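Look for subunit A in each of the two complexes below; its partner is subunit B in the first and subunit C in the second.
Our next item is the complex of A and B:
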């Protein structure tokens, strides 16, 4: 009944690729034996159905007590749910175009998708993180990372709209992101796939060890506006930087990143990056690093990265290109970053509410290692180093480790905390959640997940003051959990009650995309600040209508601008003539309503673009270059009112050489 | 009049001052689509929404049934009323200062007259507002008019409209009661 057997399995050192089948067989036997050796299996432990139903039931018209933000994974978006009912409230489009709202299709939002590689309409969003004040989620903004073309987005939680996207320079796979420090001083990013740091460097892939580098990115957040900028990057050895977390309390000046592939493999990582007995947790004193940068210890390197944001309250997002970045190279500057040896390709690194314990989930480890922050500081002071890697001191494992959780199941990944002395770790391969004591490091409870859990999330579970109400397990496959929907099922999530000693399964529901991390925040931290409208008098969009009577159509050469207003239940103007084939037409539609949730939209026949949905007091722009003459009906896409079906109009498009005068009317038949 | 009566009459006059700072009447409208309700406040010099944009919403809704827009500028009353009450405050203070029973009595009569005229004016506006409908109205319900209630609640299509006094009226009421008590005491 203990796992040291598998732990002591000899590291496989001389494996060749043609032995792959042997390895896979071996791994299979390993997994099976681990299952057998894991000890008492966890169980479903579900409440009596009616008790569970009562605990998730939120009566019609009543509100949930938590907002939960679930990353969309390969959907690129961020979904918002109420807990405990698991009612979906909204999908916030972030890194993927959204024809439902026109996000990424309107002229206002298109610039948000600009990168140094051009317009990219999709990404893979993994780790939402709510801005913090004193180590607790404050509900002002939520940040989320793009994994593929490295970016970080900021969503304003008064409007639930994406307001900013910034690209990370010289980074491959921004996975250890977008975690914030205790007072949102910084949002972090990191390279998961090390690449040559020099921009656009064309080298042989097998020059990995010499040419490739990792980059840890620190984005400074403006405390008033939330606007981000790349303050500095740290150039580190070419490992894979996997996940990160800011410290809190005693460790608030630090951030931690896990690494794997310290083997520096560049092919068949499944095997080649799983050899080392220990990889590292990188501990970065961000305050020290920022000071070093301020003292001019960094160097400026060329880069190219886009920063897309809104300059005013509304209007068009702008794209600014930055061409340089300040970097700290560990080979040149020291005493701000350290490596903590950590078993077997650690995935998550999570910090307990006091900031003292660093929990690493070793994907392939048989224990959950727990480092002590104060022991780490002492080891640094006493220079208890094994070696240096590119100037980074590697601390002795025994100097920092304070406990190893035995028998945690197979494949521990992520940990969150209940603030009552317990940690909850998701365990992928054995598909369960284990609850263990932060004092004894012993497992006290375990429960099944359906199936193969990735991240888990506790209500305020990464805060200095967690709220031990609910735990959400975000799982990777649904298989038979719901009515079948063909070969692909949506990814599930399970809600557990963790208010008592034993975890209890309450609910199981399908989500959108593939949720990785998620965060939940008490409803009262967001609800009072949620905006009902955009104030018309504050509309600073350059093509806004402030009064519907000012509607007009203006021709500037081949460009035709329609200043259109929408109100219940008509467009002004709704009959437009004098537009010609080859013109570039901009429909600037202002929703003149000042009433919550009264939304108008516009769709025009044959326009190769999405519809445009406009919320009250906002202006959005549809660009259209007509290619055929004729009459183009348009209509309101949102059922806005009793006479919604009457909310329509016509645009006449004439031949390029015609002399139909430009006219616009409303109301005179 | 006795000193206490004069003081009380002075107070009655001063109790009209809050009318410059708060509405004295409220019309609240409830409908399924407006769970929080919308409505308007009437004060001696203004008409405003319960919430910032309620007046706009009311006008938007009313255009479907052909009702005229409510605009502050269209009401002569809002220009006249502040002066009327200024005169009344002055007269009230004069009555208190001189201790004239007759002036106090005249003041109360004038106040009651203003109230009656006010209600008649309000009724006439409501009648016109509810009956004088645009022939182009998209929604026409035969025989239906939309006159808001003078006092109390009334169902108008999907909207339940309630017309009730608001905080300013409390001060107005106290003022009238105080003046009446003064007259009653002095009569004895």
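Our next item is the complex of A and C:
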């Protein structure tokens, strides 16, 4: 049976247009005429269904050619997919607790959520970025930002586990993040909301212009371990710094941020931050800035931010609190940051594979402006400045601009590249993707997206060497695209073939959370390094059980530690007595298997926590404070063997004043 | 020329076999070089000494105490959850295993349990009896040899 739901119109468009013309009094006519100029809306251009099916079909047992990492948005996680089949491979828990695995519920992982505001088990993850070597994704780690309580996480791509989360000081909404520089020297963050940058400053909101400042953050990455630390921040005028990208090739020493709200509005930004014809791209010479910091040109400010990471291969994540940060204030130090006027409320600056072209789609602009890096350098040398804002030279627009893409559609946002001379820009309001030439700046192709596209992603599309295979459009509403599931549909993604002259729609699938940005990397860059087990010999967890005969229960006052082993198909010990109401019980469960993908879990009746899943060779800890006497059954939550249902046990909890001795047994009935 | 052709055919067959099918996806693949396809095709060596990376019979010399201690440590870490010397646990008692099996067989069973329990008649029989597939525990060939040395010291006789 074929169900046909007919809602193929785009109500978004008219709504947004109404809104816009209200906002942009006078600019309305311009926008309408731009709409007319874009001509007929782009079309579906889908391959014959069977051709498209063949292009996304990956036979059972065969592998996809790309890993794609899609941010989870308000889910806080990072999902992993195979392309072109769009099989979901995994959801990596990052900023949100995950009862499926026990991430954020186990004693090992809980410290990852510590911040200067306390334990925060959720965030909004936006822009995943894979570590790079010479401007190409290398597949060692993937970083992702937390947009709400500003943090950056690092995920190890040998285990696909979150290994580190660091908080950013002086930041309100870490949106322009977590992009890496050419050789992963730095990961960048930036404040989307400017805020008072002195810690906990209590001021009137309407003192915005005097008291509020922006902060651009540079986290140095240890090339061996991947561990991050806040090297320095740049304190900048109180605009909104919303997206960033590192340069590459000729511009490898630079990073670029887009700004909006140069109006410095603090209320009704929809209107008040949309008045100026141009906002800015901020260009930062990070190498120069780092040198200035090394020369002692920065100043130390007090701050409070958490850094959570693992010290060994296993064990408990640790939380270290940092109390100061080095800042470069543009009012005091100069010659490392410049503003490039850019129309209008730009949302993203993307750098072409050569590093020469800076594309900054303005979400309210009628063209896509393209700046030239070499012209920018020349303009700096010749001091072609319009003005200075808090010590930052504002370059002349005509000095840096090299082209404007006409008729890109309404609301151009993000751009990636195919390495064959073309750029692809997502266009939100008219809900389409436009392909244009980096030589002529002319649109050569356009195709619909369903519906209202945000970011787009090309396989290795931000690398020095992009792979012109697939483009993934990450769209904001699904509406009628899939079987309805009530008032809220999951966010869609559409896969396009971009190997030919024309973009062709191949596939359309629902995702998890709200993917903002995504990255895709050739499978062979990750697959050979993916770990199958944690080696038992290397288990450095302080409560690991590495000899099954050493399973035991130890009481230290009212703390009881259970050193438990799991193997198919039993726990040792599996009968425990002598635990009392009011004790704090730690179950340290070691999975003693060394076989790939043989996972054990533990769940205990009445424990106000999630289950705990333990992968081969790993030790995980469940904390439990029993409040009622009785017999507590526990069992293995992972279907591990034919006798999985037999993998169970009992814990006896007695009254606080009882004399039941502490005993533990296995196998003697 | 003929032999070259034969080598190429064997190679092609090997590539085909390893390119498809579950066998290559088992963790045993690190150490397994065996290509036995079914029981009927087992060689008499394989019947006696098992299927796996050890393709020459092991001869036991004088007891090497260094190996015994190494084998004991590995056994305690990676085997003892399922095996004791005198009682059935998850798997069979091992006190007398060297009286029933050759040292080579024991090594191949440790190093290639997945294929053994699928193809070797004795291992298949035990799987039917114990109903748990013996896992590969991420050990090297020298480790398996050390475990054999340790098992020598555990023999009843």
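Note that in this section the second predicted complex is superposed on the first by the 632 of 669 C-alpha atoms of A that agree within 3 Å, B and C clash if a C-alpha of one lies under 4 Å from a C-alpha of the other, contacts with A are read in each partner's own complex, and residues count from 1 in each chain.
As a convention for this text, contacts are C-beta pairs under 8 Å (C-beta built on N, C-alpha and C of every residue); 3 or more make two chains touch, one makes a residue touch a chain.
Please read these numbers as outputs of a predicted model, since none were measured by experiment.
Annotation for the three-chain superposition on subunit A: subunit B and subunit C clash. By the touch criterion defined above, A:656 lies against neither subunit B nor subunit C after alignment on the C-alpha atoms of chain A. In the superposition on chain A, A:203 makes contact with neither subunit B nor subunit C. Looking at the shared chain after the overlay, A:294 reaches neither subunit B nor subunit C.
Once the two complexes are laid over each other on the shared chain, residue contacts for A:593 go to subunit B and to subunit C alike.
Between subunit B and subunit C, the partner in contact with more residues of subunit A is C. When both complexes are overlaid on chain A, the residue A:567 reaches subunit B and subunit C alike. After overlaying the two complexes on the shared chain, residue contacts for A:548 are found with subunit C alone; subunit B is out of touch. Comparing which residues of subunit A touch subunit B with which touch subunit C, the overlap comprises 533, 567-569, 593-595, 642-643. Listing the residues of subunit C that touch subunit A in their complex gives 20-21, 26-27, 76-78, 80-82, 89-90, 131-133, 135-139.
Subunit B contributes residues 52-53, 56-57, 60, 64, 138-139 to its touches with subunit A in the complex.
Contact residues on subunit A toward subunit B in their complex (touch as defined above): 533, 567-569, 593-595, 642-643, 646.
Touching subunit C in their complex are the following residues of subunit A: 61, 532-533, 535-537, 546-549, 565, 567-570, 572, 592-596, 598, 641-643, 667.
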